[in-house]
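Here chain A shows up in two complexes: once beside chain B, once beside chain C.
Take a look at the complex of A and B:
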């Protein structure tokens, strides 16, 4: 599939008038990838497809000029669609190279299970329901479900639905919604005081690096409310109350846009379980509006659409 | 035969920390919070001696916290009554790595030498640093390319090196010597211990596999400063978050803000980052509006501007920026790919 991808990407640059290719290259750390953004047709030879291609590349479309060929897993493709709905991306200006996704390996989970760091692993291979990890020549097997990102376990569209080119064979969803929302269930089972305490504690760790916002394809505001000073919505002092407010408002802003790619949680250097907020918000959006983000590019974006039947007394 | 060095049995480390606890707040590497950082020693657990490679949050946070109150104020008649933050308690950091200790020396140049920052100084003068040689450097570490060794430090008071069942202790400063004076658990090291330490140290230095040639870096950076195409390419995947700067042991930028509610409030300062677009925002313009200019600033500050001011590169090769970057933006890769000669392309 990699060879095919490289061939297609080269063709796009050479023949189809695409200015940039956005994909994944091998990263500098073991078991990592890095976004490859290039207009060099030779450089596309370093494109890779792997269970470590964690970034949601749709995020880069917001800041890129010209026509872009983008490598898209299911979640990337949904985020591209969501950006099209919000008029942030023009459909004709992107060529979506769809890549069916096997589910992504969460290296932090492997590290925890094996009690080793990523640079101490010799090899990690996804083999269907088992994942083989080799450490110092010793083979250990873990259930694949234990090493995949939680969002991958519940992903409904590992194969992109919106694409121009689809590589390889479509893949089925893993469909373990219960395991995918285990952390959320744990939070739901708490009494409100406990839950409040949990988030108070977690958000006291926030250092306001804004990686959650910067990595997110749904956070496309040119100026974030955090940076407004008239009025000032939250304090720039990193204290838990304001950190909580930041996350609450951010989640309301991405409601109907978040495709549960899990990048906010993965990027967080303080390991704050941010997906428990964003996934819950997606569920509430689904329950309340029967709406799933990034499914239909021709449908108006959730928060920009209004129908007469939705009229409430307080709205004239 | 005795040497200048001391040693302590590993099983006595807890007792030693106990003795020090009577005089200092003892901080050790801890995983009790979400990520590894320094935390108050609980009086029992020395498990970190097994798992500890380095912390996620660098010890700079103990001198320049991510957020600190500078003073509080209250409306008092026509003026304000100001209450300045208290002097800091005496603290002892046990287990600091040579790279992070050097990071603090770099902060000293900014906060004590060029300008005496009372908030920094009050913590710094009350802190002793006990270094701990690395045993297992990460593949992202490159301290040896910056004139450091994972097992040597001139920036600590005492330096511990694992030599099997014992730690060899080198007394680096007079403060360090004094700390040894109170501890009856400490023995004189022998020539054989010193020899063992030398072997261990050489082996560990060899484990730092990532190499970077820094001799020409400043010159090359100067030459390619206006090469917009190069910097645009290099910056393309950066997401402009604050991770690499916030968690860098040498980055020291901060922002100051006031919190005012009903005629009383406080002034705080917290980490700021040149990666943020607003960092250089001014009413009429922003000299670093574009991402590539911010990325260039970060690299040049560490490898060109700081050396111009202080004659040393503001990077200790700890590798945090590479390990923690959500897009694997790797500074040593970038520095290795700098264009060799001056570019003729113009910035505008």
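Take a look at the complex of A and C:
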């Protein structure tokens, strides 16, 4: 599939008048990838497809000029569609190279299971329900469910629905919805005071680096409310009250755009379970308005649409 | 005469300029009595009410937040109240998940001719917020 991708990418640059290719290249660490943005026909040879291509590349489209060919997994493709709905991206200016996703391996989980550093692994291959890790010539098998990112277990469309070129065969998700929302379920079972205590504690660790915002393809405001100074909505000092307010507002602002790509949680240097916020918001959007983000590019975005009669129980 | 100091709810109310604010005015000129617990802020349209305003109200220690606009179909800008309705529906449910009782946020439609209704709405809001109790969410020790 990699060869096919490189061929297609080259063809796009040479023949189809695409200015840039956005994809993944091998990262500097073992079992990692890094985003690759290139207009060089030779450089496309370093494009890779692997279960470690964690980034949501749709993020780059917001800032990129010209016509862009983008490598997209299921969640990336949904984010692109969502950006099209919000008029942030013009459909004709992107060529979506769809890649059916196997699910993404969280290397930290493998390290923990094997109790070894990533440098000690020779190879990791995802084979359906099992993931084979080779350490010093020895094969060890782990259940795939235990090594995938939690958001991948809740994925409904690992194969992009919106694409121009689809590489390989469509895949089904290795789904486990219950496991994917385990933390949310635990929170739902608490009383409100306990939930408040939980988030107060978690967000007291936040250092307000804004990595979650910067990596999020749904956060595309040119000026974020946290940086406004007249009025200053929240203090720029990191204290739990304002950290909590930041996360709550951020999640409400991206409601109907979040595709549960899990990037906020992965990018967080303080390991705050941010996906327990964003995934819950997606669920609320679905149960309240029967809306799923990034499905249909011709459908109006959630917050721009309305019905004459809805959410009646809200009004006194 | 000794006066017992009891907790009184402090509520911030965002009223749309075209309907609810005029409705509140009418309640005044019609000499309708209602509790004085709501601090009213005029907004150009209920569609102006970002969840940020609601959270900021709670962060500043208000016990409740009230949003009121034109009835569906009556918005001066056609769709502002429909939009805020979607936003509020999600905001309330999401805040409940975070641990903020959703009863602290109240939404109503009051037209410019409904002075009496405005008085009733405020009385009902105050009663509900009294039941929820004082907002100590953002104070450091929860006291």
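As a convention for this text, the second predicted complex is superposed on the first by the 305 of 316 C-alpha atoms of A that agree within 3 Å, B and C clash if a C-alpha of one lies under 4 Å from a C-alpha of the other, contacts with A are read in each partner's own complex, and residues count from 1 in each chain.
Criterion: a contact is a pair of C-beta atoms (placed from the backbone, for glycine too) under 8 Å apart; a residue touches a chain by one contact, two chains touch by 3 or more.
Quick caveat: nothing in here was measured; it's all calculated off a predicted structure.
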item	value
First (chain B), second (chain C), both or neither touched by A:308	second
Which of chain B and chain C A:52 touches, first, second, both or neither	neither
Chain B versus chain C as contact partner of A:149, first or second or both or neither	neither
Contacts of A:194 with chain B and chain C, given as first, second, both or neither	second
Which of chain B and chain C A:119 touches, first, second, both or neither	first
First, second, both or neither for A:255, with chain B first and chain C second	second
In the complex, chain C residues that touch chain A	51-52, 55-56, 59, 72-73, 79, 82-83, 85-101, 106-109, 121, 124-125, 137-138
Residues of chain A that touch chain C when the two form their complex	187-188, 192-199, 225, 233-234, 241-242, 244-245, 248-249, 251-253, 255, 280-281, 284-285, 288-289, 302-311, 314-316
Chain A - residues contacting chain B, complex	27-30, 32-38, 55, 59-60, 63, 117, 119, 202, 205, 207-211, 213-215, 227, 235-239, 263, 266-267, 269-272
Residue ranges of chain B touching chain A (in the complex, touch as defined)	33-35, 53, 56, 66-67, 138-140, 233, 236-237, 239-243, 246-247, 255, 257, 259, 268, 270-271, 273, 276, 278, 291, 322-324, 326-330, 332-333
